[in-house]
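The block underneath contains the structure these notes are about, expressed in structure tokens.
First chain written, first letter: the chains are A, B, C and D, and each begins at residue 1.
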Amino acid sequence: MKKIIIGVMGGGRVSDEDMQNACRLGRLIAESGWVLLNGGRNTGIMEASAKGAKEAGGLTIGILPDKDGRNASKYIDIQIRTGANDARNYYNVLSSDVVVACKGRAGTISEIALALKNKKNVILMDFDLGSAFFEYEQEGLLHKAQSPEDAVNKVKEILNKIAVTI
Amino acid sequence: MKKIIIGVMGGGRVSDEDMQNACRLGRLIAESGWVLLNGGRNTGIMEASAKGAKEAGGLTIGILPDKDGRNASKYIDIQIRTGANDARNYYNVLSSDVVVACKGRAGTISEIALALKNKKNVILMDFDLGSAFFEYEQEGLLHKAQSPEDAVNKVKEILNKIAVTI
Amino acid sequence: MKKIIIGVMGGGRVSDEDMQNACRLGRLIAESGWVLLNGGRNTGIMEASAKGAKEAGGLTIGILPDKDGRNASKYIDIQIRTGANDARNYYNVLSSDVVVACKGRAGTISEIALALKNKKNVILMDFDLGSAFFEYEQEGLLHKAQSPEDAVNKVKEILNKIAVTI
Amino acid sequence: MKKIIIGVMGGGRVSDEDMQNACRLGRLIAESGWVLLNGGRNTGIMEASAKGAKEAGGLTIGILPDKDGRNASKYIDIQIRTGANDARNYYNVLSSDVVVACKGRAGTISEIALALKNKKNVILMDFDLGSAFFEYEQEGLLHKAQSPEDAVNKVKEILNKIAVTI
């Protein structure tokens, strides 16, 4: 009965183009019948991806760093309030069946790293991290996509391969 | 757009009668149009309340203490996997708009205490804690109910009084 | 090589008499050669117990709810900064070999509950919680003391009985 | 009264040479009068750096991912037991005045990322991450060292520049 959850990570301050891509990604995730999970705030990739998913009628989960919903995106249906600050990055990736990482800074990189450490498949969407995670690419856990469509196709392939842990 | 979340806390090992009451409570929560949130495991009040909510077609969220879904209830739609062990008790109550506490032991009492400390309304359902939280009863944060129906009526009253923090 | 850690819990706003008792308790813990651990803030039982321990030349650890040391007691040697808010209550008790609970409100009760759930011995020092934890008293995990001297004697008895998990 | 805490991060499985360097780093940290903090486990960089610090008579803190001390290094004086699994990586870096990152994999990279996000100075000791954190290098938060001696000199420079948050 467990629903499939796709985590979308990414920075709070990004370009308009990155926002549009995150919005399209959110829309495609919802259209694929998956639940979208992100960090829940009302900025950047979080706001944009939740907006896209809601516009397509999807369900959105936000794991907030805060104790309350004051800074939550209005496109988030389910606010998980942790008061955990950046420790919630860990919960974001553990709760995702697959992680798509859009552009971001150190916060997003911490989520990529925590996901890989916990053997989660991560798709970098138009986000170049050089050689930092090279060995995970070789192990087949780290993937690259150039567009939202490409990312969602990769999610489908991965979901077919892994047993979604019910 | 935020959905109203009712947290149901309670022990992992309880009597058949307590299980039946938790199941009825879950059903009534779903029938009221609220999301049910609990600790997500496949035992006791968690399993029973999620079962009741699902049988009535509701949405169920489980904030798991574990890193994966191995011990999750099959009646949980959305698994929030924290790997946080008992620290997840804090997230349970922060994420709930109102908390209903069924019978339990120290784990459940920790959730009641953390909820009250964070100014959440708590309804004790047929759970006698003596004088331990007397001052919160006097402040109007701690309420008592004798049955699932009584508890859900109290939730309604509380939701009318508080501004659900969107 | 692990040092023995005694956790002192208690409220942020307490009476002068409670402050003096917490200070004497801190002093006796340091004089017994144990490390004092508490919630690290500059108020109430935390401030008083750390002050007592430092005056007797002891080592003090504070597990702070905050991301930085702004609200830390100046009597804390080692600031563990968690940014975890009340989830740090769980770390407080897990890290303590024995917990002494002075008077407090729901925050302190959450620590007592989390300690007992995790099979830690807890000594209530002049803190009456009625029947809430009666079964843990019967199981021999929950103890009562009337004074700092009494509490420290009980800590000694408990340390002799339990194998301090090295 | 707050003691200066130097965090040493790094992998659980590293080469003999990396172990020797971590041990020498721990020794130099203790000889400089600082407290050494790490992830507390009995393997890799954690074990080696704690060993070095203890051999030089220093104080060692380990923030454990576990609920108990079963997998703790015997060179750790103060076991902070969190039961938080990888969320403890966040506490490691928040609690450190400066972070030295030895070689590691994704776990270590998550600590570097979380440290930089929280404006902590990080010294990479003989650990090449390519361009992943280039902007933080430009901002002067990310530093590079080739040896333990070099790293400790950089820590001294940084401590002179930053106000250690008391």
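Quick note on the criterion: a contact is a pair of C-beta atoms (placed from the backbone, for glycine too) under 8 Å apart; a residue touches a chain by one contact, two chains touch by 3 or more.
Keep in mind it's a predicted model, so treat the numbers as computed, not measured.
Please determine the option from A-C, B-C or A-B whose contacts repeat those of B-D, over half of the contact pairs being identical by residue number.
Selected from A-C, B-C or A-B as the counterpart of B-D: A-C.
Can you work out the whole-Å distance between the CA centroids of subunit A and subunit D?
Once rounded, the distance between the two centres reads 29 Å.
Quick check on subunit C: which residues sit in contact with 2+ other chains?
Residue numbers touching two or more other chains: 67, 82-87, 90-91, 118.
Taking chains as nodes and touches as edges, what kind of graph is this: line, ring, star, complete or other?
Shape of the chain contacts: complete, all pairs touching.
Please name which positions on subunit A make contact with subunit B in the complex.
1-3, 5, 35, 54, 61, 63, 67-70, 72, 74-84, 90-91, 94-95, 118, 165-166
Could you pull out which subunit B residues touch subunit C in their complex?
So the residues of subunit B touching subunit C come out as 84-87, 89-91, 105-107, 109-110, 113-114, 116-118, 128-133, 135-136.
Once bound in the complex, which stretches of subunit C touch subunit A?
Interface residues on the subunit C side: 67, 82-87.
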